[in-house]
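Given below, in the form of structure tokens, are the structures.
One chain, subunit A, appears in both complexes that follow, with subunit B as partner in the first and subunit C in the second.
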Partner chain A sequence: MSDITEPQIMPQGAPPSAAKPAMGAATSRVDGRLKVTGAARYASDLYGGANPAHAYLATSTIARGRITRLNEADARKVPGVLDILTFRNVGDRIKPGKIFSQKGYMGSSIAPLASDRIQHGGQIVAMVVAETFEAAREAAHRLQIEYAAETPSATFDSPGLESISAEASSREGEQPGEEKPKVGDAAAALAAAPVTIDQRYETPIQHHNPIELFTTACAWTDGKLTVWEPSQNMYGFQNGLAEQLGMAAADIRVISPYVGGGFGSRGSLTQRTALVALAAQRLRRPVRLETTRDQGFTIATYRAETRHRVRLGAGTDGKLQALIHEGWEVSSRPDNYKVGGTDATTRLYACPNVDSEVTIVHADRNTPGFMRSPPEVPYMFALESAMDELAVALKMDPIELRRVNDTMHEPIKGLPYTSRTLMPCFDAAAKAFGWSGRDAQPGSMRDGEWMVGWGCATSLYPTNMGPATARVVLTPQGTVKVQTAGHEIGTGITTVLALMAVSGLGVDIAKVTVEVGDSALPPAPVAGGSNSTASIATVVAQACEQIRGRIAGAAVAAENGPFHGMDPAGLVLVDGTLRASSGASEPLEAAMSRTAGGAIEAYAENIPHGVPEGALKKLYLGQGTLMGGAKLKDRMQFAFGAQFVEVRVNARTREIRVPRLVGAYAAGRIVNPKAAKSQLMGGQIWGVSAALHEATEIDRRAARYTNNDLAEYLIPVNADVQEVTTILLPEQDTQVNELGIKGIGELGNVGLNAAVANAVFHATGVRVRELPIRLEKLLEA
Partner chain B sequence: MRPFNLDHAATLPAALAAARPVAGARVPPTAAPAQFIAGGTQMLDLMKLDTMQPATLVDINALSAAHGRIEAKSDGLHLGALVRMSEAEAHPDILRDYPVIAQTLQMAASPQIRNMASLGGNVLQRTRCCYFRDPGWAQCNKREPGSGCAALDGVNRKHAVLGVSDQCIAAYSGDFAQALVALGAEVQTAGPNGVRTIAFEKLHTASDNPHTETVLAPGELITGFRVPSGPWTRRSAYVKIRDRESYAYGLATAAVALDIQGGVVREARIGLGAVSYRPWRSHEAEAALRGKPLTEDTANATARAAFAGAKPRQDNAYLIDLGRRTLARALLQASRLEA
Partner chain C sequence: MPDQTASPQLSRRGLLGASTAVAAGPLMAAAPVVAPATPPVDPRRPVDVALTVNGQQHHLAIDVRTTLLDAVRTHIGLTGSKKGCDHGQCGACTMLVDGKATLSCLSLAAMVRGPVTTIEGIAGTDGTLHPMQQAFIDQDAFQCGYCTPGQIVSAVACVQGGHAASDAAIREYMSGNLCRCAAYPHIVAAINQAKDGMGRA
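The block that comes next holds the complex of A and B.
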């Protein structure tokens, strides 16, 4: 594993700035000890008050049809059973809600117990509540449920599918202002191009499978509801639940101190939460739901399967002349969920003629949703595979192909990137990887019984920001409390926010307490779109600045003090003192004695660049507005990286292993390089998983998943991950936000699937265009 | 999961008495109301899924004093049924004289599971076929006799191509059993009708009656194994091809043992896993290799013979090719070993 500061490459034209170093100090997590010792309390650890009842779900064994008989007699006989919720006693007690991307809060608009109707496999058909988990589970198994089943449409190519263009769904006002990127005449340019690629690609169904399962506990006290649930969206859950239950959001508190894996699966509200709240209300007792691993495959969201057709036309110099990217994505019958990755793939490279189209395909499935880099993982697989095919057709090095098409302006509207360090990433990663030793001929590199292949691809991720708020309290003793309803989903936001207090208030990190994961705290946006550090660190820095300003203002006003008459902007808080550049200095406690004397509290609200009017108000209603990437009217905000992979394919039995990963990334100011490196490395490993391992299998007749456990849904184990090198390139971006921060949460896994496929081609000469790459696809070679 | 009684048996007679079947009941051993439990690594899993619903579990872990030993004797290797997988995989006599056995264990499951799982329970592990494991699927002849087989035209990438029928194509995914079947092991049992010895190859029954998986009677307990010694056991190897490097069931596996004298294979023992309905000894392949030098060509010809009777379905046709390559790789790998 290489050092994070190696090699040092500065992007051209970026002004050096001493005030905002591009690389912060590598800092261990403030909650690291709690986590490794098991002392950290997750929502699933919090039982929802004393003496909770336990709930267990029964789920449907058909994907489409109606319940014709639901006999509870045997289940009711199980000792300890308290209540059984079904469509008979729930019905319209829970109000329907729209999905997240349609300005609602839900992951799916399918309300499971609203009626006898079944709309996807594994739909909740009953919730049994009992004195113990075991009794609830046994009773759920004893429910006798019969169905009138209709033939479901499972996936692409199934009969009975319906589709709608994403553009049309956007016109109907269902999507938040998305467009269909297009410029020039791509068809004509393609026809005229001397070198062309026209290929189709596929990515599979994937499930987040966070280790912390989809649990919920609810307790009512005096008409107020408390919910403990792993969440990436505190205010969204609070407000969405209020809408579903027909009550005031102020009467609901959602608590989620630590989250055992999010990956997007907790960004939108699932249908289970309101059911648990209802059960607790009916019983007048706290209720705690535990779900199983296989239920997690159907009661929450997932990454839907996608198909792509990519057409590229280039000159013999490698310069793109035409790029057409068409995508097809599966969604549920009622919801037009779309990931829409053409936003990025049509704007990545210089190309005068671009066209795109995305089609949503409705099947009898639950509504899919966000999963780490939702658009980029499938769409960049297609584009970056096609780019590699183009490089082969041109007999050109794939890095050089990216270089000749590199641009500081996106091609659709000519908007400038605020910063773009793509080629330095390629060069740094190529050097660390030893790319110059590559023989481009497929099948040319061999190590004993292993065929060796090297591949690379571009990674990118939009720099998103949303309105955010935070409260910071500084005491004269130098302790700091930072409060914001952000989410510690394992990304290290708690440590990042502590570091902002350290740099803003000059205190030791041990004196900083950060509180997140509670809807009673000031609102913060959903932990999605890699926005949290940029959004929340910015507003915490602003709150710290308010505090510094008050202390400095009092200091320069004090006639008998050492700072009298100075410019307050020039005073800084550092190492427990207030200091001027002249060298004048005074302990923090003395400086604070000039204000009211006690603690200083600051509440900050930040509205980032390009966010529409009213976005801050909507934040308080649980509707965060993320802006950035290709959505801004005046500029492009993206982070970039380069992914390099070595694969080995056994010459006889064709199993594929990945001994080496090298990635280089540039994402503006890195607040905590230690956590950033760790997160990017996790992304690289997930990229291997997406390329070789992860796929949810579906029975095409029944539209039901078949490998719904961790023994059959594969992710890499330690033996699959050998050498991983993660390089962070310093990058200074003076435009994205005050602090120059870009998000890195979803940068590490993008494009890596394509890099693996490109390496497999290099090893074997076989181009695999459907993920995952399984050994049987290489047996014929 | 249903409520059940847990009976801790201190002795073999006590265990057999606790699991004694009701007179006249005609059920296969897997459906008997009393089930033995040792490591519990699979029993509890299937009970939580509601796939198995025993009324009584008879805990046999206390029997390990009498049935938990590893002994290498002149007539072969004796393994008590309560030996843990992790004990056998690291035993010096097994590592030296029966490497194929150690390798099947080392490549199985995870260290945590191998610390719990007993050898007796391991050979009785049930298929990973999702249509069997999840009672939410109506069709499974193994679970519900006569209900049909959803896997025939369902998701069957990892289903068997050898020993299958139109009743069931589920794969036997265990590893250890492939070494036992290849080496001609025998199984010792004790049951309501006394003790007996069964050829390991006869333990598991054919796919035409998938509801019954073994010749064991309800209440009959595996107490141990004997693996006969022979000139082939040292030159033995296990190759397991899978989607990831560790902690995964095989797609195709081969357990081989070779007696090579003067450049000619005098005796070959071949077990094929993951591609077969039950632990699978390929006598056809053994015959094809006997008396020949082991070369790339004879290895491939042996592999072709092993899969001559294979019957693929929609998603698993590749297993014939992969199974052949896996066997050829195992044979060539073993041939390079010292005898």
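The block that comes next holds the complex of A and C.
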């Protein structure tokens, strides 16, 4: 085992992979060859079998109202058109489904073709099916649709909004009040505090924009449905679709071998899938839908805009005495979707007096959903910006401000963190960054015409786990098959699971096959909440241990064998042999000859700490129960990190550049440091993107998105990124799970938006509290 | 030249005229504008298209509006090249046409004359990975892998065209290929690793 024991500083390029593949060794991806040769098949590459018909969507040009006229005549004349689905022939044939927070599976309860009603801009109004993609597209453009438009409410400050407190719409599993952490008397403490901050912050609409489009292919065979669609939630899609179509889940199979980017966008079922299934049923032919990039902005979910008011009160020593965090989030008219990030921001620092409130604001919009670090990205922007403002007011180094407020117990209930390596992360990153050379005076660091700014912020992410199952098969020849309905969205889960088999069964990684992305496999939780590695690696390790136990048990019982009478727990499988610490050993094939049959198959189920009874049954029904973070009754489970950034602002043009990023993270045991580094690095770049690039603009009159393509929705390109250093700190956590694994998928991008804003303030003296930071906001500098 | 044994026969001039008009069709919904000397052509009638992809000849009868990307993916069945935007904004569809990095979603299949190389044609015929492919694995220059075919094809063109002299030059050349997982620093490292093994074309 080569688990890291001291900080691994990883600058440009990937860490070396000379080490023998094992848990903890930097290992190249097992699916690397498939991905670099074009042989990896994504759902979008699987067209639903031979000779599929092609579908194309038409979407609404208004955000609120009704369809008054829908003339298909011109569209029907296009040669090759086979069918057109509209509200007239769909209606109640598809059940709308409930969103996941209402114990459903959907990302939105707005059923697009249920009636003539339009509830958001870009809502699906028709699906044309034709012999070719080109004919379907032409016919969709030839549909003549007229509307009776009503004035929509677009976003914050629009007339006609409705609000509800998040507390009144608590998610399943939450106790009343969990969305409103409170302790002590924050108002009184704030009034008494010698140093205070009272500021408002805003984060914009953002869309995931994975590069793979939102495609779906459906085929029916003997009343059974197969669906090929990019998915982060195989069993959720299967069961949700069964509910919508009124059929048995067992008659639906969802296939999604590789996913071309998830980031949360494929976590809940969209309304398009059932439409494609219905079209394929009507035509008795496979149907493949390819949506456009701009349609992806409105037929799937997104990160909604948020507003915050943060009030901090501190003593002159920097110790927090009061913290009040209020948040407002936009959702659609019917759905109470919220991210509710105050459960983390109120528990991050020691503070005796805390209050909070989250409010959902309903507008005429598509329903938002989870996007990479859903609560933490907006809520930590607010808190970590406010902390920097407090450090400035105190004339205190921002790292020292975090240090005096560091705690091993969260302040609301006094629960202990299972592990917390926050300040070592700050110290390691500060050292690598050269923070000691910083002149705290804003505008004091200059390089020619560039104003230089250095900023930092805390990152944290809950360590979530869900129930999971897996099947592992070992043959006497040392080949292994690992099967679980997990999701390869680029996290490297297949490589992680192969490494678990290598470590548990002592086989060559080249002989391990990992199968994921198919609802016919044993269920695994949603690929969300950074839970996959902890949840699935744990259960695969358990299955491997069952196999080892069976082989070892037979070995110690065999009177003529080399292990007779030994403790079976002391025998290990390594390098294709069964071994005892005494040195006795025998080849795997010989050791396995004692057990009945050839191969050994093991199925394991794991229910993690704090997950209620019945969760496994719910997992099979596509309703995963993620537990962890601040939701446990007895402890706090979080991973931490420190984000450092240098910005350069041009003194003449206010152009903003980010020449370097340094992030240090501690997240328990790292199974594959090579892929972990890539994922954290990608997160760091996401953090810069959230600060400087990304925002979906909305037309406030029409409630429609205006920059809905990859040319105008800005994400970083290669030339935007220069030096990125990622540091992994060793951390042993014996409580989170048997293997000590925390999640890293969403840790890298939290807080970095605040670190950039803090650096921009340091460079220019201008505090930008509304993201993204663009040069026009710095013209006063 | 396209295989003209099957009907309808189409002069190059007529083909270009038809495809230009039809390309604007969905937006303008106007009748095709055809040069007076050319006989009228039904723009929706399949046209014969010959493509040489990875050294193999393909004869297709396809809608004249079919892009090179859709022809290769849907009609030939090589799905390594990806569609991320269909607007020339993401680079996932990049192929080499006549050796030049080309956005296949912005190229009509019927207009392509030169040989086409897709990601499936980058490795050796014996399966030996191209140095760029190996470098992408070594440097972990991808996560989800969906943009990777386009990245690798562009990266090969980057080195072959002499655009890999410095990190800054690589970043600039590769900025037409979006990677939402943001593997950019590793892509630069991969190109630096591969360029020595590739030599210069």
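By our rule, the second predicted complex is superposed on the first by the 748 of 781 C-alpha atoms of A that agree within 3 Å, B and C clash if a C-alpha of one lies under 4 Å from a C-alpha of the other, contacts with A are read in each partner's own complex, and residues count from 1 in each chain.
As a working rule, contacts are C-beta pairs under 8 Å (C-beta built on N, C-alpha and C of every residue); 3 or more make two chains touch, one makes a residue touch a chain.
Model, not experiment: these values are computed from the prediction.
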Touching partner for A:258 - first (subunit B), second (subunit C), both, neither: second
Which superposed partner A:706 touches (first subunit B, second subunit C, both, neither): first
More subunit A residues in contact [subunit B versus subunit C]: C
Subunit B versus subunit C as contact partner of A:698, first or second or both or neither: first
Which of subunit B and subunit C A:209 touches, first, second, both or neither: second
Contacts of A:29 with subunit B and subunit C, given as first, second, both or neither: second
Partner chain in contact with A:652 - subunit B first, subunit C second, else both or neither: first
Partner chain(s) touched by A:493 [first = subunit B, second = subunit C, both, neither]: neither
First, second, both or neither for A:360, with subunit B first and subunit C second: neither
Contacts of A:678 with subunit B and subunit C, given as first, second, both or neither: second
Shared contact residues on subunit A - subunit B and subunit C: 134, 137-138, 141, 711, 716-720
Partner subunit B, residues of subunit A touching it in the complex: 59, 61, 134, 137-138, 141, 294, 652-655, 657, 692-693, 697-699, 701-702, 704, 706-708, 711-712, 714, 716-720, 774-776, 779
Contacting residues of subunit A [partner subunit C, same complex]: 12-14, 17, 28-29, 31-42, 44-45, 47, 78-80, 132-135, 137-138, 141-142, 208-213, 258-263, 290, 292-293, 489-492, 674-675, 677-679, 681-682, 685-686, 689, 709-711, 715-721, 723-724
Contact footprint of subunit A on subunit C as seen in their complex: 25-27, 29, 44, 63, 65-66, 70, 73-74, 78-87, 89-90, 92, 118-120, 122-123, 129, 133-134, 136-149, 152, 168, 170-172, 174-189
In the complex with subunit A, residue positions of subunit B that touch it: 1-3, 48, 50, 128, 130-131, 134, 136-138, 150, 153-155, 157, 239, 241-249, 251-252, 318, 321-322, 325-326, 328-329
